[in-house]
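In what follows, structures are represented as structure tokens.
Note that chain A is present in both complexes that follow, paired respectively with chain B and with chain C.
Moving on, here comes the complex of A and B:
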């Protein structure tokens, strides 16, 4: 009786999960499949679930009509720099808050953490004025990168993670007369590698997908990231369905490939330091 | 003589302070500087701006006028209404969907768990811009659109999903429901795995029903995760922007204008930085109040 109801439960669960998984995947499938069918060839041709005509022409048109290669380079460069700064400064500060005792440590940490409740819209306008008018940095890499160089969320994540590392090793290193930075660099960082990997991956994906700030602060075509460029392309080119889908695919595919190759980190990583319980 | 001793001891105390704590302060220097320049200063500056008629050449102090203007503005109230409807319509629904999916996945064997986790997580790594573009195509009002084509199979006429005020906001919510639950599922699964089996075994000895086990063990022990998803979900949802900007431009007839979109419009279309700052403070206060209420109501029995 008991095992029978268990079997029914698992069957129902599988069916619902299967259907939901299909619904979740359909938009991405529709995008990729739409990018390999050339709708401009015939006025009556509609994109199909299983295409009858395969073509790479939409991709060729997307790359020839836009500066997409440049946008991709910008996205890779900006995401890489943001990843490096966030991993370094985030783990450094996270380590200090987790393992070093200093006056004001708790206060500073909570002040930083409470800023996560402030919506981006509040700081946006003064930030815009500051970057454009005061620092004269409009339309530069620095402007896109600097405000996000180390995010509070990442410091929080690293503090949680560092707290779980053994303190005894730090004491041992201190007795061996390591400098404090030496301890961090030679003892802590190697121990924290799994946490740093997760932090790096999530920062890279977040930076790659970020839209609003780069959109606001860039004005020239060659400074756009792929996301900002894509949005401008859709506004300019509302009729070329295939090219639009090709663009959307170009914007998303690198992260999907990253996801499939580093799945383990994505699926376990998010739980480090998130919530206890 | 006396003074030199005093100054020497105070300088050596300073040296000792530096030696003991200098490194720690150096380690947190970068985020603290960024906080001062890119968060604290902008927040104060925005607060001042909200009492001004901002103009790079000639800024004038106008007291509470911006706040008066916005509270008398129909579009502002409409955007408040839209934001609240969107939040109430998406966040709790999403938590229920996430929870049910996680609960089902938890019953599966390990290899199936990984498959479902990966599949349901995938849309999380696609950008908001990409997803918005794809959903514009899915909602296409002609019979090219995927949803209209699907409805056509049942003889239902094409619907102008994004182009009419009666369905536009709902369309954005539907996209949100069918979007990604990946991050939440992983958090729930980790929490479910952390519930000790002995609790269920003890309940079995007492012949507790499945529902009792759910209501007395599973749900209470998952409350911290639910609270986390609720608070972060509401904060995100209050700031929904990309889909509105790309898919509807806040229209038609302000039917999808959310507060975040209104702030953008006020600031960067009409260049009224003062009024936009006032709007952003109303949004910030809403977020803080709602977050505090959620913590008060839900975290009271979280500790066990």
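Moving on, here comes the complex of A and C:
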């Protein structure tokens, strides 16, 4: 009886997950497939599920008509800087909240945490005004990077991770004549590596895929990230279907490669906060 | 020159939910140079907090701490000339055993050759030479424990601090390490402050023992004295296993009345302070090993007889534990295994009246003799 109901459960679950996977994959498949067949070759040719005419012409057109290389550079640069700052500040702040005693630490932490409940859209306009009108930073890398230099979510993630490291290690290091920064650098950081890896990957992907903030804060073509550039290209060339698909593939592919090569860390990232309440 | 002294040291913790909590109150003691002193008491009584205050990991709320001839109140742990072995060993998981052992000396910027020599010395004392390149997770519990001790040894500190270092080992290994630690103390000739909740460990290791309860020091004495003259009922009950029995009693001259039975005290037990309690209620304490079955009495000079029915018998092989009731209180006798005893037997027990203790029922303090 028991194993029979289990088999039914597994079957039902597999079917549902399978359908879901197909629904998720089809658009991606369509995007990639659409980028390797050239619809401009003949007016009658429509993109097909399994292409009969293969071509790299859509990619050529995408790269020649746009500043795609510049956009890609911007995306890589901005994502890399954001990853570095988030790892650095996130781990420092997380360590402080998890292990150091300082007056008001709990209060500060709860204030920070409560800001996570404010939807990003609410702060968007004030942030925009602040960056453009007060700091005069419009259309700069600083403007794109600064607001995301460290996220509360990452601080929280790091705090959770570091809370699980035994405090006695810190005490042992203190007795072992290690400086306070040395404790962080030589003892805590090496032990936090798995957590840092998760944070770094998630931050990189999020920054890469971010659209709205860079879109809002940039105005010149050469400051655009790949996602923003892509959108402007879609507006301008709404008929060149193949080139649009090629652009979308260029924007998405690096993250797909990253995901599949670092799958392990993504799975860890989902469970990491669940280790300790 | 490494005595450790507490002068009226107090430690409060401030907790948002529980409010102010006193973990250690008005602690006063002197630990002499090269002495092995054990802090013992039930869990949560403030042993670790006391040790951490010596180490400088926790700052006292008031009072002075002296190590050697310096007041160390405001000294950083690294400047106190101490080393500590933690309950969970606190080995750095990402470093090899060699790196673990040398971490402190490297931070102190000691010369390479000196560090190398110190590590080799410690490794050979603790039999760790073949494991220096391994990581802590590749070692057994006993080996990790030795690395933790080794990390303290290489520092050549004036004072060693141990926080329940054996509590994570199995019983056999614990006894073995106990012997090794005692030998290590002789060999190093250093002052050792050792914390445990295990009274057997305390009695076997300590030259002197500090018994603590609820943040307060109950008694500081040698193991023999703690056993023979516990200062109050807490110490009397905590030291010794099974614990000392207590009975409600009333004094009348040289006689003592226990639950209707009259016992005649020997001359040696009578003192002027006991005389103050004449015709008053007292608590009589007697250890299980000082009660015998009538049929198997050994070396008792002054006997007190008490007849009652046996409630439970536990056979431990080398001895039997016999439980019976005196008034409201249950009493345990540790008797020779050939002593006749079974549940329901009406039996006469012999109390060694030369070894009884008296306590004030109000203050629970020993009525001195």
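Keep this in mind: the second predicted complex is superposed on the first by the 262 of 277 C-alpha atoms of A that agree within 3 Å, B and C clash if a C-alpha of one lies under 4 Å from a C-alpha of the other, contacts with A are read in each partner's own complex, and residues count from 1 in each chain.
Everything that follows uses one rule, which is that a contact is a pair of C-beta atoms (placed from the backbone, for glycine too) under 8 Å apart; a residue touches a chain by one contact, two chains touch by 3 or more.
Keep in mind that what you see is a predicted model, and the values were worked out from it rather than measured.
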**Report entry** Overlay on chain A: chain C relative to chain B, clash or fit
**Finding:** fit
Query raised in the report: If you stack the two complexes on chain A, which partner ends up touching A:27: first (chain B), second (chain C), both, or neither?
Result: first
Query raised in the report: In the superposed arrangement, which partner chain does A:191 touch: chain B (first), chain C (second), both, or neither?
Result: second
Requested in this report: Could you look at A:106 and tell me whether it touches chain B, chain C, both or neither (first, second, both, neither)?
Outcome: second
Query raised in the report: Which partner does A:175 contact after superposing on A: first (chain B), second (chain C), both, neither?
Result: second
Query - Superposition-derived comparison: chain B or chain C, residues of chain A touched - result: B
Requested in this report: Please work out whether A:166 is in contact with chain B alone, chain C alone, both, or neither, and reply first, second, both or neither.
Outcome: second
Report task. Give me, in Å and rounded to a whole number, the least C-alpha distance separating chain B from chain C in the superposition. Result -> 9
Report task. Across the two complexes, find the residues of chain A that touch chain B and also touch chain C. Result -> 179
Requested in this report: Can you check the complex and tell me which residues of chain B touch chain A?
Outcome: 20-21, 23-25, 27-28, 30-32, 34-35, 37-39, 41-43, 45-46, 49, 56, 100-101, 103-105, 107-108, 112, 114, 116-123, 125-131, 133-138, 143-144, 146, 178-181, 183, 186-187, 190-191, 194, 221-225, 228, 235, 238-239, 241-242, 246, 259-260, 263-264, 267-268, 273, 276-277, 279-281, 283-284, 287-288, 291, 302
Report summary line: Note: in the complex, chain A contacts chain B through residues 9-10, 13-14, 16-17, 20-21, 23-28, 30-31, 34, 46-47, 89-90, 92-93, 95-97, 100-103, 105, 108, 111-112, 115, 117-130, 133, 146-147, 149-150, 152, 155, 179-181, 184, 205, 208-209, 211-212, 216, 227, 230-231, 234, 241, 244-245, 247-249, 251-252, 255-256, 258-260, 263, 266-268, 270-271, 274-277
Query raised in the report: Can you list the residues on chain C that touch chain A in the complex?
Result: 16, 52, 55, 57, 76-78, 82-84, 86-88, 90, 92-94, 103-104, 107-108, 151
Report summary line: Listed in rising order, chain A residues that touch chain C in their complex are 106, 166, 168-169, 171-179, 182, 187, 190-191
